[in-house]
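In the two assemblies presented below, chain A is common to both, partnered first by chain B and then by chain C.
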Partner chain A sequence: MKSFRRRINNVNLNRFRSLFQIGAFLILVYGGYYLGLELGRGLPIMTCLYNHHLYGSGGCFFGYFQRLLTLPWPFYLTTPWGKKNLIMFLVFLMWFLFFNKAWCGYMCPLGTIQDWISKLRQILRVRYSSYTARQHTILKTIKYFLLVCSLLAPMAIFNSFFGLPKLPIVWECPFCEICPGRKIILLFIGELSEWHINFVCTDTIVLTSLGIWFTALFLIGGFFKKRFFCLFCPMNALHHLFTRLAFLKLYKDGSKCTRCGNCYRVCDAEILEVADDVESRYIVNDRCSMCFKCVAACPEEDCLKVTFLGFPIFNSTEEGFIRRQNIMLGYPPKKRMACINKFKKKK
Partner chain B sequence: MMLTQTFLVCMIILFISTASASDIEDVWLDGRGYNWCKLFLADLPLKTGHYPNKRPVNDLNGYHVKVFIHTPHGDIKKACFIEKNGALSLSFPTPTKGVYIAFFVAERVIDKIREIHISKQEINGDQFWYGKSWAGLDRKTLTIPRLTREVPFDLIRERIRRMEIANTNIWPTGEGDFTTFRAYFRGNPQEGAPVTLTTREGWSKTAITDADGQASLQLIRDDYKRKFSRLTRSEVMVKTSLLTSKEGETADGPYTQTHYRMIWPMESTPSYLEWSSRINALYLFLLILSMVGGGIFLYRFLTLK
Partner chain C sequence: MHKQVQKKEINNVESISSDRFERMQRRTLIHLAMEAKKTLDEIRNHLPAHPEAMEYFYERCKLFYDYEYGNDLWQGEKLVAYTCIHVPEELVRAAGAIPVRICSGAYSADQIGAEFLPAKSCPIMKSTAGMAFLRLFRPYGEVVMMVIPTTCDQKTKFNEIAGEFRDDLYILELPPSKESEESRVYWQRVIKRFAKDLEKKTGQRITRRRLKAAMKTQLAAQSAFREFYQIRKDPDPLIWGTDSILALNIYFLDDPENWTSAMKMLIKELLIRKEKKTFLATRRSPRILLTGTPLIFPNIKLSFLIEQLGGIIVADETCSSNRLIYDMAAFDEGFLFDMVPAIADRYLKPCTCPNFTPDTDRERKILEMIKAFSIDGVIYQFYAGCVLYEMAVRRMGIMLEERGIPMLYVETDYSPDDIGQLSTRIEAFLESIKAKKRGKRIRRLTAKSKLKNQRLTMEDYHVFCRVGHWLYRHQDLFGG
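== the complex of A and B ==
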């Protein structure tokens, strides 16, 4: 058991994560059609609803959630449609209890695409942008504003807020209309039909134009800033509301932290608290995508810890840190082994 | 005078009602009468007439009628009509996921021509939960003709993956401008069969099947006479026919020719190209991309300086 845990703690996280992301991407984007996966819509596998390759094998929960809210108030619990959506919401909660925000870091197809764009930027040797705390606060406000709008607009289709006029049915899934995933993910199945501006009415013109705006921002922002879209993704915000309830958690032992700043430097979301905050135990920020790069970059023994239902599954260790550093520096396997042996002797 | 007029009006009404009862040409299985309250039960009312004036059928006297249900397992089951509120309706259980294909066949011999009227309807089984309708749907099976001894003539849709025209019970995606059908007769693609598509608004177009049995039809802007939205789905009737020189004899008497007529009610969604612009989206996308990307480069250039 000890040796098994040591192996996990020494894992090359970057490679593991890349492979996991590729696998998840293939399953989520192509699995419905090519692999014949049929998980049912009760299990939100969360790829784009407009991906016709899915054929009902599950879609983005956020899209379903918005549709649930289009019902008139009394219909939420009384109709089969409302009950079904409510059950789906509970299933989503259960799903989320397992994965927490690691969904964003390991499975989200949009997140994976952003990581690929970042790789491209690295290859082209373009430096990435960093945001100040104030800019992050603004983006956080936008994120929660988008979440609130995405949930309120569908409600206003059949219900009136304070006597205000009801919205037309085109506001059924407002975030889906502007989500870049609808355009980008569908490109991977050769589908260009979502790249359009809908001239049916003013609302559709506005929504589809915003969709094009967001897609362009996603691509250009993702190129200059790591995980740019995650900074204002409402799904990320929704996840964060339930993060404390989840089984998968990331803890920090502040007494072991030397504030070396390694974790901050590798963090895609530039979360300063992970390095600075030595008092809080649970350090998952609303920007965190639980990629666990911080754990892999931490040289202190058991300073950062990933647990599932209280059982540690991935800890920061000195040995793991050295091993990963050697791999990152491109040392050949022999030299890597020599370094590890030296470390063991020293210990 | 008044009495004569009343008599004439009564005679006309009687004639129209008799004519509609005996004319089986436009009898078809409607998929719209799906009873959502009953779990896994398809309910297809028998209708006649064209869309704006479609009405239920209550009498099939004088015709030999058979109904076949092709299940997703590949079995063929017979079914019968039941009377609901004075109208005939075909009800059958659909417990399995997948597509059930119902064939309504009415046969008679007139003027030594054996007329076989076929109406086809696709029902997606296990679809009480609306969202599940795709789950059990194996689209590949939809492109297989269902040919039997009683119904040797069938019409199928091609390009199922992008379903421009869909059955009432199968969610349409409405992409593209063309829809393609293929006619089969006794296991082979049939050449020369006219395929006519008529919309609710009365727009109609006919294409003749080629050597591969294929006929392509394009839905054009003229189809949409009223202001449509993306959510507007129009009812569409697809008809095809085939005249063969097969001779034989039935209980109605001998015949020298067999005339197959197939009618298939569906739904169409206006093509994306009718209400959206991709070129405008591309312009906007490139504009934003160049503005934001250029802005960042310029900012970096000035800051580095």
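== the complex of A and C ==
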């Protein structure tokens, strides 16, 4: 058991994660058609609903939830539709509670695509950009704004808020209209039809052209900033409401922290608290995507800990850190030659 | 021996004739060698059971005073001399130079430095100034740069004073606080500029590959050091604190690869000792944490004194030994744009130097060390003239008192005059810890025997009755 734990703590996390992400991407985007998988529409990740009809094995809960909310007030509680809403929400919560925000870091196809874009940037040797902590607090409001708006708009189709006029039916799923995932994930199955502007009415013109803008922003921003879209993702905001209930958790032991800032440096979301906060124990904040790169970059023994229902899964260790860092710095020529010779002998 | 000292370098101070300069150089070298040999002999003869692997480090101590030794090691190399622990060694190595830390512990150079600095300044600064003036550190290579970070006031002003006799000074601007994001960004820019200036001086560009290789060397040394650090946590003391301080001091001047392999040998031997259960002292001997101003060879009289009087320094929190290469840098993308800031961060953020304000990191670190090394008492030393450490004493004392850990603060300097007075104080401190430990042990034993002889008393009987009655009254709660 001890040696098994040690092996897990020594894992090359970056490689594991990128392989896991590729696997998850293939299953979520193509699994429905090729494997016959069906995971339902309660998944807490941006795996496009429009692909769910075609090749995908699961659908994005956020998109589906907007549609479910398109009901008159009395229908919410008593009728089967209301019950369905509740059940779907519980399904979402069940999925979410198991893996917490690790859904974002390991499963989300949109997140994976952003990581691939970042890899492209690394190949082209372009420097990544960063925001300050203050800018992040300002940007944070955008995702909550998007969350509230895209949940209120479908409610306003059959109901009237404060005597305001009701919205037309095209507001059924406003976020799907502007979501870059819809356009980009469907590209992976060769579907170009989403790249259009809908001229049915002014509302659709506005929404679909916003969608094109968002997609352009996604691609350009994602190129210069790591996980750019995740800063604005309303699903991320929705996750944050329930993150404390989840089973998978990331804890920090502040007394062991030297505040060296390694975790902050490798963090895609630039969360300063993980490095500087030595008081609080649960340090997942609303930008965190639980990729656990911080745990891999922490050189202090058991300072950062990933636990599942209190059972430790992945801890930061000195040995693991040195191993991973050695891999990052590249093997020395002697050792590399030894590896090559071994390989030759086998052949 | 004296011929090797470079004569072509002319001192710029007009008041001192070149003849006198040479005489001073010669005299200091002789005194330095005497001082160092005396310290080494004391350590080797008066403390028993040194590991065999320590021989390498005793040998390497010659780097500090014997200028014929290590001739082959440094000949024709470009050296970057620096003080403090804020100068990124990786960058210096990547730029094709060799970093040499020149903080000096030589009492013989102390008086010479006093010519330039006020009498009340700290002995490290005076000694370093003396060595810098006499050009006595590593004369074989060519010192292309002498980097002095603006850490404490004395180092900061030393930049101006040393301008009198050195023209290769480089001021590395260190922010006075490291809390804010601004200071981090500021320091990163300072380091970037430093890298550029280094490139100009050495004529070697810092490339991605070179920096990675330099970081790799550093990482190997760091991992060996960390292993050593973990071994010292063992409840049975395996190595003298004086020895470990000495071994880590050698890192100032040694080739890191040689140092790493020697360190690994030492670790191997200590592990064998652990298996064979050959310990230096019993578990009852007081485990001491030494903190405060750095102990630099040949001035390690305090640690020697403590261990001679029966204490064991299991850990120290000083910038000349444990803090030296403890922190490791991590980066996300292996390019210069990420690696250079990562290195900059490693030298600023986790540093527990008291020149940063607030100094809470150091307090947390010491508390953590007290827990990890099961420390019985803290000895806090500061040199006369080191205001920073002296100012931190009060807070530290209050903090440790709250947690019931005894602390002794010791004011000293490089001169051997105060040994008698120090030994009395330290002995009393160690005795009090011993008595406390004995008391604890007796209390523990009596508690154990009490548990064994425990019988049920009338009081226990009443408690049982009460619980039973409560259960009877509330049986409906349990479905009865």
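What we mean here is this: the second predicted complex is superposed on the first by the 316 of 347 C-alpha atoms of A that agree within 3 Å, B and C clash if a C-alpha of one lies under 4 Å from a C-alpha of the other, contacts with A are read in each partner's own complex, and residues count from 1 in each chain.
Here is the rule we use: a contact is a pair of C-beta atoms (placed from the backbone, for glycine too) under 8 Å apart; a residue touches a chain by one contact, two chains touch by 3 or more.
What you see is a predicted model; the values in this text were computed from it and never measured.
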item: Clash or fit (per the criteria above) of chain B with chain C on chain A; value: fit
item: After the two structures are overlaid on chain A, angle v-u-w for chain B, chain A, chain C in degrees (C-alpha centres, nearest 10); value: 170
item: Touched partner set for A:Arg265, first chain B, second chain C, both or neither; value: second
item: Chain B versus chain C as contact partner of A:Arg244, first or second or both or neither; value: neither
item: Which superposed partner A:Phe224 touches (first chain B, second chain C, both, neither); value: first
item: Touched partner set for A:Lys166, first chain B, second chain C, both or neither; value: neither
item: Distance of closest approach, chain C and chain B, by C-alpha atoms in Å; value: 13
item: Chain B residues touching chain A - in the complex, by the definition given at the top; value: 128-137, 139, 161-162, 173, 175, 228-231, 272, 275-278, 280-282, 284-285, 288-289, 292-293, 296
item: Parts of chain A lying in touch with chain C, wherever the complex brings them together; value: 122, 125, 127-128, 132-133, 254-262, 265-266, 272, 275, 278, 293, 297, 299, 318, 321-322, 325-326, 328-330, 332
item: Footprint of chain B on chain A - complex, ascending; value: 38, 40-41, 52, 54-57, 80-81, 84, 129, 169-170, 192-193, 195-201, 204, 208-209, 212-213, 215-217, 219-221, 223-224
item: Touching residues (chain side chain C, partner chain A) in the complex; value: 181, 184, 212, 215-216, 219, 222-223, 226, 230, 326-335, 337-338, 341-342, 345-346, 349-350, 361, 364-365, 367-368, 371
